[in-house]
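Two complexes, one shared chain (chain A), two partners (chain B, chain C).
Coming up: the complex of A and B.
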């Protein structure tokens, strides 16, 4: 079996930047990924990717994709990694469809949405409960909806819904909205949003579809009638398929400043790691570092003839 | 005197990204800088800034500048920092023109070109000796020139000169050209470039202007007649104005994963630091981290009423 220089797992901002750097270094590599764009595609309005004043996640990912296509990278879409495992000097990457061997791997698999873990959530998933405002906001035209979570993701979901929904309830478990002040101001100006802090969702109820939420604020329990529930309470790293590497208590892969993990040859970049600042532009920078570090690693090691 | 939340020193990719993040967090801040764009403006062809397939440094910096202007950032150009010094809880930033006090500072002052340190170099500076191919290549139309340095910066200079100069001598002190293979191939295909490795410049000679180089390869000394000398042997961090922070042996400011320096309240980002990967996209990512870290620091500390 052919042994590649590198397999990149994931094609979000981090993986794509790693791909461009690997291509420029003429490394023999492929990318395997569930999708192209990763979490970047979930953002409606991106104002903080330097060089683009104002762009949607979908448009920015389109630019990324065009860039990557210009280098003729081999991206195997709909092929997420199932196993990344060191075998001797080499690393085995298994997907549902295939198996690869490589000298280095960059894990840039990002994060997946976190669930509320309340009654009714699983039952009404895709029947009113959603984790992607960009994908599903248009389904709730003229309807009342709730957004759970007052961080940037929650505010972003609210901003998308303002143009579409009738009324929006923004529910935050803690005592304050932590998202960007700029976004919060826009939300307040809209007059369409009721904000509840220190409010916890206890149940999502309905019939075939969602009809409402049961929420608690201190001793008080009340029902809020909505047809849509946008869960935006953060995410967890998609790191389960790499067993050997050291992770922190959140399940994030621990990296050093060269994006090296605890296993030589396995590098990691972006939101799947313990990097500070889970931002598109940060993930891009980390992807570049990981590719340069993998390139150095390839050059330094005396490789045995592969079998 | 008013105390700002933040002063950003430098307006290259790192400083500008920090500025955008600070603006979105509604921090009260200004930027002081020698120029806009920093080293990014020196690159002719940039292929690895995700989202732009192919762009010149000048054009990319124009995009950056437009982006920053959209946020109405206050950038004081032609005003490099002279001193950054902690005073009690606050930090004093002195420039040639003014003095500022702030609760936090982000040092993103980048790097300045390194000199050869040979006879004739100072004498013929701007009389044939230059450190900026983008700025000065057009002055050497139809002439023979030398590029000193076989890293990416050197190859980039050669690629710019291929379209303009008559013949180009690429001189590298070590035994191999270390720049990107893609660039080296283009250079070889041009048929206009003579490459010398293990070759050291000993003197730059001339009259009013450069006439040639004296170079040594092993025991052999020879003269190469050129009218232009492009020095591309790397750069050094522009960190001299921050005395207190810990630096490594190269003079780079040592940062932790949150872009914190050894002095609380002073953060640093990009090429002035010991970050791995001195790349535009990396500097951008680091600038975002530094601004987010400064914002956290402002929020956590109980600030005394400033005087």
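Coming up: the complex of A and C.
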């Protein structure tokens, strides 16, 4: 099997920047990814990316894409990685479609929405359960819905839904709503939102589509009838498929200033790592660093002749 | 002859904008349905795709859920 110089996992801001650097170094590489743009595409307004006073996530990702396409990179979309593991001197990357061997890998898989981990959640995903209020709120016009999570993301979802849904239940696991007071004021004033704190979701039920939630507050168990469930309980690093590398308690891949992980040859960049500042511009910078570091690593090591 | 393409979207969904600009770039004519303001279209989309996520594409009767570039290209013979 052919051994590549590099496989880049992920095509968000970090992965795409790494791709441009790798292309300019004429490395033999491919990119594998679930989608293009990662979380960046979900930002509605970006006002802190240099060169643009204002741009939407969709537009910025389009610009990124045009830039990488100029270099004729090979981006394999709809092909998320399942395993990244060191094997001898090389690294094996297994995706949902294929298997690759490379001398180096840059993991730039970003973050994914955190799941509740309750019964019915997987089954009803896109059948009432959603993790993207921006995308799916309009589908619940005139319906009763629940928003899980009282942080800013949850309150933001509620505010989007106030204009659309009939009634909204805001459920928070801890004892208080932690999102901004200004948002909470607006929510309370709407008269459309019932707020439950110290309330844990135990099950999402329904037939083909969601019909309701079973929730627990202390000893009390209650059913809430809703057709939509918006899960807004934060995100987690998409790092589970990378074996053996050291991660912190949050599951973020630990890197040094050269974007090296604990496994030689495996580099990581952006939001999947413990880097400070989960920002588009930071991820881009980290992607550049990772590609430069991978290039140096390739030059330093004496590679055995490939079979 | 070009295939009949219908795109079900909501006004705010990022992947819907991606689908739209992708089809425009490729010069594919398509019908763009915003289900936000069209309840019967929403019901039609849910019935045809068996789910509630957007975007949904219908290419000559074949349903594609999400912005799946590879499948769209395959279906359109691009």
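By our rule, the second predicted complex is superposed on the first by the 193 of 307 C-alpha atoms of A that agree within 3 Å, B and C clash if a C-alpha of one lies under 4 Å from a C-alpha of the other, contacts with A are read in each partner's own complex, and residues count from 1 in each chain.
Everything that follows uses one rule, which is that a residue touches a chain if its C-beta (ideal position, glycine included) is under 8 Å from a C-beta of that chain, and two chains touch if they have at least 3 such contacts.
Nothing here was measured: the structure is a model prediction, and the numbers come from that model.
Note on chain A: of its two partners chain C and chain B, the one contacting more of its residues is B. After overlaying the two complexes on the shared chain, residue contacts for A:277 are found with chain B alone; chain C is out of touch. Once the two complexes are overlaid on the shared chain, A:292 sits against chain B while remaining clear of chain C. By the document's definition of touching, neither partner reaches A:93: not chain B, not chain C. Judged by the touch definition given at the top, the superposed model places A:165 against neither chain B nor chain C.
Looking at the shared chain after the overlay, A:30 reaches neither chain B nor chain C. Legend: residue contacts after superposition of the two complexes on their common chain; A:49 is shown touching chain B, with no touch to chain C. Residues 13, 16-17, 20-21, 24-26, 47-54, 60, 63-64, 66-67, 70, 180-182, 257-259, 274-277, 279, 281-286, 288-289, 292-293 of chain B are the ones that touch chain A when the two sit in their complex. Against chain A, the residues of chain C that register as touching in their complex are 10-18, 21, 35-36, 39, 42, 46, 50-54, 65, 67-71.
Chain A contributes residues 35, 37, 41-42, 44, 57-58, 61-62, 77-78, 126-128, 130, 132, 134-139, 141, 208-209 to its touches with chain C in the complex.
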